[in-house]
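Before any comments, here is the structure.
Lettered A, B, C and D in written order, each chain numbered from 1.
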Amino acid sequence: MVRAVVMGASGFAGIQLVHILLAHPEMELVAAASDSLAGQPLAKAYPAFAGITDLAFCTVEEAKAAEAEVAFLALPHTASLSMAAELVAAGMAVIDLSADFRLKDASVYEQWYGVPHTERALLEGAAFGLPELFGEGLAQAHERWSRGEAVVVGCAGCYPTATSLAAAPLIRAGLLRAGATVVADAISGVTGAGKKPSARTHFCTVNENLSAYGVTTHRHTPEIEQILGLQGRLIFTPHLAPLQRGLLSTVTMPLADDAELASIASAQELYRAFYEGCPFVEVLDAGEQPQTSSVVGTNRAHVGVAFDGRTRSVVATGAIDNLGKGAAGQAVQCANILCGFDETAGLEGAALPV
Amino acid sequence: MVRAVVMGASGFAGIQLVHILLAHPEMELVAAASDSLAGQPLAKAYPAFAGITDLAFCTVEEAKAAEAEVAFLALPHTASLSMAAELVAAGMAVIDLSADFRLKDASVYEQWYGVPHTERALLEGAAFGLPELFGEGLAQAHERWSRGEAVVVGCAGCYPTATSLAAAPLIRAGLLRAGATVVADAISGVTGAGKKPSARTHFCTVNENLSAYGVTTHRHTPEIEQILGLQGRLIFTPHLAPLQRGLLSTVTMPLADDAELASIASAQELYRAFYEGCPFVEVLDAGEQPQTSSVVGTNRAHVGVAFDGRTRSVVATGAIDNLGKGAAGQAVQCANILCGFDETAGLEGAALPV
Amino acid sequence: MVRAVVMGASGFAGIQLVHILLAHPEMELVAAASDSLAGQPLAKAYPAFAGITDLAFCTVEEAKAAEAEVAFLALPHTASLSMAAELVAAGMAVIDLSADFRLKDASVYEQWYGVPHTERALLEGAAFGLPELFGEGLAQAHERWSRGEAVVVGCAGCYPTATSLAAAPLIRAGLLRAGATVVADAISGVTGAGKKPSARTHFCTVNENLSAYGVTTHRHTPEIEQILGLQGRLIFTPHLAPLQRGLLSTVTMPLADDAELASIASAQELYRAFYEGCPFVEVLDAGEQPQTSSVVGTNRAHVGVAFDGRTRSVVATGAIDNLGKGAAGQAVQCANILCGFDETAGLEGAALPV
Amino acid sequence: MVRAVVMGASGFAGIQLVHILLAHPEMELVAAASDSLAGQPLAKAYPAFAGITDLAFCTVEEAKAAEAEVAFLALPHTASLSMAAELVAAGMAVIDLSADFRLKDASVYEQWYGVPHTERALLEGAAFGLPELFGEGLAQAHERWSRGEAVVVGCAGCYPTATSLAAAPLIRAGLLRAGATVVADAISGVTGAGKKPSARTHFCTVNENLSAYGVTTHRHTPEIEQILGLQGRLIFTPHLAPLQRGLLSTVTMPLADDAELASIASAQELYRAFYEGCPFVEVLDAGEQPQTSSVVGTNRAHVGVAFDGRTRSVVATGAIDNLGKGAAGQAVQCANILCGFDETAGLEGAALPV
């Protein structure tokens, strides 16, 4: 068993990590750190753990001393920078769920996050945590881990994951019209807004309501552009809807004039070939559309693809659990690859059928 | 008091018409027709009417005989065709909520709805029921009504209303990039799917779920293209979210290279000037985004506009109640104009603040 | 027009008062006081008011100086005590929505609310604001108001209103088994928990969740006992469910051995006779059960009654909008009676049918 | 591996059985029968299974021929009667989720279900499927199974399970006031209403709504009375709330005059002692109340207990997933006991923490 700690375990992504790791066949959760809740049993803050575990939150300092091999960081953006450096120095592999090690160009990070990137060397060596699209980098990270070298994985964000899984097969096949802008409109459940109570997350604000937010300014924009090679050509608009978990991204992509793609069938074939061998991605049948409820609680992604002959465009849709494949699930998937476990270890479950 | 009937009064749009008309200061609801529920008190099927009205549903035949001056048709698509003809022949003005009198080119109707358009003469004379964008046609309809001539109004659909209110100021100002495609991704509450119970409208299907539907094939596509003059250049994707009422459309529009629009402030100024004098449309402040909950139960629309300097695009958002400004409210607004009443008669109410 | 102010206008009950008063035909809202939001337009905090009113929140001091005749207090419990005294001294009639003037026995108040009752004289003279059950007191208040005397109305709480409307016809008829305990299990939407963001009102806590709270300790217990004359014999358990507005109370009452009540029909007859002439209370047909959605946004109450021959009990159910008949609507109803207006002035609207 | 079939696999309880059995370490699901969906892949009707299983629904006849050892019947009430007889005759153990083998007195069954009970011999021998309260019967069933004899388990219903788990410790300790009636008010999510689309399960009926139903007439009444020995002394009122899964029952029980129970602490001690060794029942700390969200997707039950000194009553609350411990989970728990597996096999998972 590989010993793992979660830093920031009391937030929504952190506690989902705890949920997964407690049942993981190859990893042992040795500490769930949360300075604000230190000492409190997990089951007090999250009664789903009553009867499941007696574990209590510990302090970050206690977690650092827990002799773990892998540290998951579910910390706010910018807080992971120094923490990662410290844990790497202490010999742990770091799987970071924040944005701190995602953007390869530190100046882009600084522009969108408004703080200096203080760990550029780590950033340079960091693997990008979206296995279906960046498997090679994670394979190299596994090599480094095997040799006892420092490893940082900067896991992809929730919107980037759903959007990129929907868009990558077409774009990587070179079928996007040259120079075209891509429109990604995505909808998220409220867990994406985090645990902190605010007017925005009040039930009476969100319930029976729909709204866009962060229009033209959401920080996942440069991340998606980096993943898909779309610098300056993505218009990304996230929306909030009254559900707890679930994220759907709808990506509209104009086809190149010479793209040999003339039907939904060929689009689907392209997508299925692309995700061949990926245990967590399902490309749905023609005419089917992903439903977020089908992937809630899992690390799975459902992708739908539609072909619009009228405008010569493809509309691709990707559904994930924002806390699953969009956060904690993906982090564990990356850790599985890093440690050489079966990629699906601890992540096998299906969503509730209804 | 103008005497009004509602045909198809037991469906969701029909019953919302009944709700509005019962409190209308200038119109008297003389019949609420539903062959399937004829004889049943409204309050039996919709207990919100208990203590409000003793009215019972009547048959369509009874409603035809009710000596009404205005008939609202809340019937399924294609069913309005012959009904409208018959009622016009009987001297009533017809406000149709179906798609049967929206598409000016009958062949487009036949292509998207799969049935022949049997009332082309009526179609040709029909006014388009979206007052903020087609006020002149409704003013002419009022003239015809005043002269005792036949009048049909084909009210805009729910998605077309929200999408067009968000997009029209920019497009009518000629600021859209020439030949560019426009992407409209919209989200609707479940009342938009109608009253008929089905697997799709089952609580356990819709709740905690998000999905796109009708991707590349939704029948509102040609209607939006007609309204905005975008033939063949709109990619419209509707989505279903777990709420009852409310519809949000997010429209992404690339700017013409020479468009003199360089900031959110100027975009907003453009929008506010466009909707000057429109009692039901609010253009929100810069940085604010429409929330559907702010317009539920009303005939109001909230519009937000954002400017993206990176991609030289405008992202405009429109929020309505799909049964209000998207259906029954708009129909009554059209009837008000037709009959020469104050445009806001019976439609003054604000949404519940929370 | 009677000039009215709302103190505590930015909370959920307060803003619902504002919503009603802005459309009231006999009252003019001259100030909406909220020290925390003073200066901010209502439409900024509650965008449902965009285009409806330009009114901004003012300070409490400004509201005091607004020369109002009626003051609605939507303040936290205990805060109304001194405020009511001050406003009464300044010549205003006070309609208090807090618990401060509900419990006639000040020692009961002190026991359940944990603070001294500092305004016993005002309490003694206060009318109880639940018109269907305490009409005489409100009629006397109207007399006092007409003579220019001090008036305080302590409006009933949300749970007491629904519970008492369901139970009173049977209990006042003397049909409750002597000495029997009554069980009231009630369910409320989340607006009942107030506007303040907290872990408890976070969407992700409440959504897809049910729980009881305040079991055996809820402060509405003595209030219901007072209304129904059940001192020490009520077991009241409130529950929270994932909806915004709406409150349902289910009251189980054992029948006296000699009660001449042998069927649902006779129970219903009793209830209908009791509410004869009450414009806001509907007793549903046998076999029908109240649905909270039928009264949302209104001042109406739906009451259902069922007879259990097996256990010789009556199970009565009452549904209200907790912010309507359970708070702001009822306050306005009381003010209407106080001022001699039609009881239904400003409160005529029906709930949305769907 | 024990071979298992599910009859009625396409309904909500049936498909939850499939969900559990597909991951069960000791049972192999060899057929999922649904005559209405026979031939259709599970993943088509329930896309949560996409990528999880290629299994398709089969006919009931095919399932009968599947050489299973255990048959789970998730059929409508009355349909299990002949099916159980047939499968038992064919040598299968039957775990029935319907009401057909729950009520030990066939005449009570006939009175409440309105049909003759045609399998009285099987009924007489049937074990009652609520392991925490009827463990001995299930242990005997295991003996019979081990000897190759016929076995039928009639699993407890959803409301009876939650209600009885909350009430049994107090009642079995003899602390209920002699002759007292017990009030159980329970709230269920909409999966409890089944898969069939109807006006009642339409999203727009249930959403933002609360109502009681089956008042004084719900068929779970005699079942709860049987379990708790309360014949003619239970008043049970179920309610529907807008959530998918989750059931909460609140049980109010007057204490015997001589009951030596004087505090919440002693009540809790009683409950904890009662459920000592029960892996699926958690008695929460004093002051904590069960939340259904903490048990969704699991076979777990959370029980809260409160002591009311004012009325000398105990208010106990029980939360379950109506499709988990209230249906499919409990059925698998019973099967585990029957087959001699670890009681928790296949049922270990915790609910999502948020």
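The rule we apply is simple: a contact is a pair of C-beta atoms (placed from the backbone, for glycine too) under 8 Å apart; a residue touches a chain by one contact, two chains touch by 3 or more.
These numbers come from a predicted model, not from an experiment.
Two chain pairs are in question, B-C and A-C; the one with more C-beta pairs in contact is B-C.
Using the average of C-alpha coordinates as each chain's centre, D ends up farthest from subunit B. Legend: contact pairs of B-D compared by residue number with A-D, A-C or A-B; the interface matching in over half of them is A-C.
Inter-chain spacing, taken between the CA centroids of subunit B and subunit C, is 37 Å.
Mean C-alpha positions place subunit C and subunit D at a centre distance of 38 Å. Note: centroid distance subunit A to subunit C, computed from Cα atoms, is 47 Å. For subunit B, residues that reach two or more other chains under the stated contact definition are 12, 191, 195, 204, 207-208, 242-245, 290-291, 293, 296, 354.
Put simply, subunit D touches subunit C in their complex at residues 181, 183, 185, 187, 189, 204, 207-213, 215-216, 232-235, 237, 239, 241-248, 250, 252, 254, 289-293, 296, 304, 306-308, 310-311, 313, 315, 317, 319, 354. Partner subunit B is touched in their complex by these residues of subunit D: 12, 190-191, 195, 197-199, 201-208, 242-244.
Across the complex, subunit B is touched by residues 12, 15-16, 18-19, 22-23, 46-52, 191, 195, 208, 244-245, 279-280, 282, 284, 288, 290-291, 293-297, 300, 302, 323, 348-354 of subunit C.
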